[in-house]
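Next up: some structures, all given as structure tokens.
Next, two complexes with chain A in common: one pairs it with chain B, the other with chain C.
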Partner chain A sequence: MAAETATPFKSRPVQAPYPPGSKPKRKRTWTRYRLMRYYVVPWLFMIPILGLHAFVVVIPALQGVYYSFTDWSGIGEAEFIGLRNFEELFFEDQSYIDALSRNVQWMIFRVTIPFAFALFGASLLARVKRGAMFYRTALFMPFILPSIVTATIWRYLYNPRYGLPTLVGYDKALLGQSDTALWAIAFADNWQFWGFLMVLFLTAMQGIDPVLYDAAKVDGANRWQEFWNVTLPGIRPVVLFMMMMVMIWAFLVFDYVFILTGGGPAGATEVISIDIYKNAFQRFEAGYAAAQGMTICLFAGLVVSAFAFLRKRGWDI
Partner chain B sequence: MIARREFFLFRKQRENTAFNHIFLSILVVFSLGPVVLLAVNSFKSNAEMGLNPLGLPQEWRLENFGRAWEQGEFERTFKNSVIYVVGTVSLALVLCGLAAYSLARKNPPGANFVMLYLLVASTVPVWLYLVPLFFLWRQLEFLNTYHGLILIYTAFNAPFSIFLLRSFLIGLPVELEDAARVDGANELQVLLRVIVPLAWPGFLTVGLVVGIGVWSEFQVAVIFTHKPDMFPVTTSYFKFTDRFGRDWALTNAGAFMMVAPVLILFLALQRRFVEGLTQGGVKF
Partner chain C sequence: MLKKRLILLATLVLLAALAAGAATAQETVTVWAADDETGSCWARLLVDTFPRDDIEIEVVLQPGSSLVDAQRTALQGGAGPDITFSHGPSFMLELANAGLLLSLDHYADEYGWNDRFAPWALDLGRVEGSLYSLSEELETVILYYNRTVFEENGWGIPKTMDELYALADAIREAGLVVMGPAFGECAPCYEWAVSVFLSHHAGPDKVYEALTGQRPWTDPAFVEAITALKDIVQDGWYMGGLDLFFSDTFQQAHSLFGAGEIAMSFEGTWMLDNYQRDYFGEPGGNMNEWDWFAFPTAFSDEPHFIIGVGSSWGISQSAQNPDAAAAVLDHYYSTGYQAESHGVCGNAPAPLIYEGDVFANADPREARLYQEFGQASAAGNYGYTSWSFWPARTNVWLWEQITRVYDDQLSVEDYLAGMQKEFEEEFAEGLIPPIPAR
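What follows is the complex of A and B.
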């Protein structure tokens, strides 16, 4: 900026910034002014946030990779032990394997139920004109609620004394039994999440050429055929992308489990993140927790590469 | 046969959407019902809750709110949450606004790398860096401080904010900026006098999404604050439900007070919310 004031405008007229990729070929005369204008100032604008982001995310992430190969309590020196943590995780620690299988169950729930809700809602809503805005707002609303509030609502709805289960004569605590707790939590999560998916799908559906629907109608397609042959192929990129993201997020689930059951009853809802939390902050096994964090990264990588692999195999993903 | 086909093609038939309305209404009841129930229950007494768990209260009791406000120490935690939200939103808007402007307009060498970096960084699982971050923060004595949490929230929201602001700034006409430059404005002046007045809807959207995200945030808050003095509403409310778990009137009233500001903002500016949240896509 100092250079700009030092260089009078009349001797060097201002160039309009070119749209990216279309810089005309011309002789470049490098002056301090140009250097400032096109290199230094733009980077000065980006450095604060990139620096902060690197400090909060990248540096700890790299530390996490290192600590995962160490035995470290969180205080003092970390002792390098190679792959020992991972060996223990995958071959000796049954609770980790159980936690992982719960994450996989959670993932299966998350790519089916919310997607079914969202596809159903979006395909209904895409056809409605009157009240469309109201429906969209109402169905999206749970998504903006804090997880703690959603959890409170559903804890109340699930309560065995006068909650929803009592309406059908079921008087056991859904959250208090090992075989139902995880699904009860997943359903509360679904309640909050599906509206978000629905709006994404709805936006994608509005981009489908209406001619295709006319054509389907001419061919005598019923609602289901129309959905299966026109709508779904039309929004497939969005659906598949969201499936990938949801599968990655399924390994991160923390809030609902932590708030509603804290991993109980008897560890029946203990997912990986809860295990990490306990290892790192309660059992002073930070190195082991870091290794568990690494495995989440590994699974996320597996999901992404599975999608990439299928795309390469010619699946139009 | 042909006649029938033409009938379909040329007469724009009004579609029968009764089916859609019926099922959408069911879905609306499913989505809004629990929220309405939360609101209604926060006016009931505990005795009535048992007798009449799902209906309207016979008498609307306002003292639940006073009780929850006192017992849940909402005065302090609301203040804390407001500090976290305002701090994060202002820091994120300033820093991400600068970066987004640079990426949208200057396109310096390395801009593509920055975009790729942000994309990858926003998909790296948070549990990879949360544990080391905690111990780093403890070393720096950033735990239980306002700036400690604000810095984390700002960084976590950065990729989303930058993407959204950038796409918003790209849509603005360049000519106005050039005009300002011809008049002798420097980069910062262009940004403050031209871009911000034009792009305020984009900034508002990002501010809303980030603000709501921070207000609702639980996971980071529960790890990085332990002193009740520094709790935001979410974690303090969590402790509160631990203590008063069976006092449904109290916990419902507390939860309703916590979401009321969010709901009011959402209803007033819902279009911006929906756009911001769905365009950004990624929630950490």
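What follows is the complex of A and C.
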């Protein structure tokens, strides 16, 4: 039945709905009908969303590609300058290279700490029966808070006069030092994000066949062995998919950095998106900013390609 | 006969209706304002006080802090408000060069703006001799001080840089922080101190020469100035330490200033209204008083000020009713509206020539500021704010890279060499805002 629905032309027997003598005409009509129904009408329904997608995504994206090869200031006419922006980006602009390295640091943090928190939290919560919903809601709650709210909370939590540092007798501002600021922001971001990952992992864990845990118990597996040999393989596709997404998102980080430090102190938290913002809106170098944006697409493409390659090699992604 | 009379009557009624319609037809002028207390206040005041019935001012309150960015994008798309707003001359220069602003020359003649504005302020809006924008919000950076704390400790007002250094030592000996604020929320605000030190340490004449391409930014006088600034920042004048200077908020710094834990605040004149309203006396939960003095110079004991404007206004090239927009601007830049906006909304007045006792109700400390500022300007004792006189890319370098100097990641010499490089490029591209002749 399912096959019938998927391939109606082959599986559905064509009955003769036409009287004798008018077969050729009727056949043409039926062919046109099938063409309309299966090839034209679906696209008619798709036109609004395709049109919207073209205007909102495709055309601006193509414009972005074009502007990356120009010296556009963000207003007025743009002059085509070929690969000059990319040449400057990769061979002359040290601040871009520094920003890129911070994005990579951010990515490493993001695929380790929040994942560890989320896997640990999910494996604990999977066994909780009473009040499970309360715990899940409480831990998920930060994810639905606006970044400005969360960032402001953390700004006060980090204050060395009355915040968390005072609890351990530390009197320096974590956000005000070059060597601690990026990690302080990443941790604040982690606090908001790991609950989301945890809920995803928890949902995936609930899909694991309980028989596997029973079998593990019969074999004498302890909690760690259950987690390592049953839970983790069972949720591996979700973990790897989220890892891919998180790696892509790491190149887009903006809000927390912008709110908490604006790229400071002394450029210590300047990631690519902050650099793009400054170039586009403060230095009036929108063409150069577009080129920087193109590199983010390139890095995202590299991440996706790497995962696609691993999938081809037989990884369960 | 009756039919003719009926036709005549109908015609008269129709004409009367058309005339009435024409009489009530209004031209609309759109203005965007930030959706905050100040933005909605001046916009409401503008609508309420505008005297002409044939023009309707449509105010669109824009949420968020990126009003200028949103407007820039809209203008590029052929939309946006009729009356455009931007951060200042260098931003308006970009819009004018892109052909997005209307020339205001004939409106300046029609409404007499050439006689109404301070000449240097009007010159800031000119591009290749034509007027494209009008400056608003007269700004400078001064040293506010906690007068109560000063009186308790017997500290006097410093008139020279040396006296300021001695005062800073005395403040620290008393266990207080020398000055605020902190810039954890505002990266561009680092430009305030750089602007002051370039003009008050190296001297405004040298800055003028640099801005007009006659002297490089790598000049030893500028190296000395930036080194002096770096030394006081690293010495903990600001907030007691570099980490707090980099990360604390304005509110924290101003609260500590009001409470007397910070002795001085190196702030802009836009805080004149806020200190009294929010941080001192009953609103601040203390019994303290504040006052101000001009930041001393290294070469004179007379008060000097850096001059600047907070923002600029112009008319969009795509404005439907440019004449009506000019009429709105004319009202906005009237001394009456400016005085009322200052009194009601706390806005800094536009750089107009004020005659008579327009600011009679102003706080005496504020009145003294405008008086001394006027006298200093007339005597040539004025320097330059980077946000009004530096081209965009050079200015971003100025405030962005100075933090690396403070953090010892960049030498003063390399900082100024980078500024010179950016400046040379923009100078060659003709992107330097008009620099009033000294």
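Heads up, the rule we're going with is that the second predicted complex is superposed on the first by the 266 of 317 C-alpha atoms of A that agree within 3 Å, B and C clash if a C-alpha of one lies under 4 Å from a C-alpha of the other, contacts with A are read in each partner's own complex, and residues count from 1 in each chain.
Criterion: contacts are C-beta pairs under 8 Å (C-beta built on N, C-alpha and C of every residue); 3 or more make two chains touch, one makes a residue touch a chain.
Quantities reported herein were computed from a predicted structural model and do not represent experimental measurements.
Looking at the superposed three-chain arrangement on chain A, would you call chain B and chain C a clash or a fit?
With chain A aligned, chain B runs into chain C, so clash.
Identify the partner contact of A:A308: answer first if only chain B is touched, second if only chain C is, both if each is, neither if none is.
It touches nothing on chain B or chain C.
After lining up the shared chain so the two structures overlap, which partner does A:I97 touch, if you call chain B first and chain C second: first, second, both or neither?
neither
Quick one: chain B or chain C, who's touching more of chain A?
Partner with more touched residues of chain A: B.
A:G74 in the overlay: touching chain B, chain C, both, or neither? Say first, second, both or neither.
Both chain B and chain C are touched by A:G74.
Going by the contact rule set out at the top, does A:F55 touch chain B (first), chain C (second), both, or neither?
A:F55: touches chain B, not chain C.
Quick check on the superposed pair: does A:G267 touch chain B, chain C, both, or neither? Answer first, second, both or neither.
second
Using the touch definition from the top, say if A:F281 reaches chain B (first), chain C (second), both or neither.
both
If you stack the two complexes on chain A, which partner ends up touching A:L35: first (chain B), second (chain C), both, or neither?
neither
Running through the overlay: 63-71, 225-233 or 261-269 are the candidate stretches of chain B; which one clashes with chain C?
The overlap with chain C comes from chain B residues 225-233.
Give me the intersection of chain A's contacts with chain B and its contacts with chain C, in residue numbers.
Common to the two interfaces on chain A: residues 74, 155, 159, 161, 281.
Inside the complex, what are the residues of chain A that reach chain C?
73-77, 155, 158-161, 172-178, 181, 261-268, 278, 281-285
Can you name the residues of chain C that touch chain A in the complex?
66, 69, 72, 75-76, 94-95, 97-100, 183-188, 241-249, 252, 392-393, 396, 400, 403-404, 406-407, 409
Taking the touch rule as given, give the residues of chain B at its contact with chain A in the complex, in rising order.
Going through chain B, the ones touching chain A are 5, 8-9, 15, 17, 19-21, 23-24, 27-28, 30-32, 34-35, 37-38, 41, 49-50, 53, 95-96, 98-99, 101-103, 105-111, 114, 117-118, 121, 123-136, 151-152, 154-156, 158-159, 162, 174, 178, 181-182, 184, 186-188, 212, 215-219, 222-223, 234, 237-238, 241, 248, 251-252, 255, 258-259, 262-263, 266-267, 270, 273-274, 277-278, 281-282.
Of all residues in chain A, which touch chain B in the complex?
My answer: residues 1, 4-5, 9, 14, 16-17, 20, 37-39, 41-43, 45-46, 48-50, 52-53, 55-61, 63-65, 67, 74, 117, 120-121, 124-125, 127-131, 135-149, 152-157, 159, 161-163, 191, 195-196, 199-200, 203, 214, 217-218, 245, 248, 251-252, 254-255, 258-259, 272-273, 276-277, 280-281, 286, 289-290, 292-294, 296-297, 300, 304.
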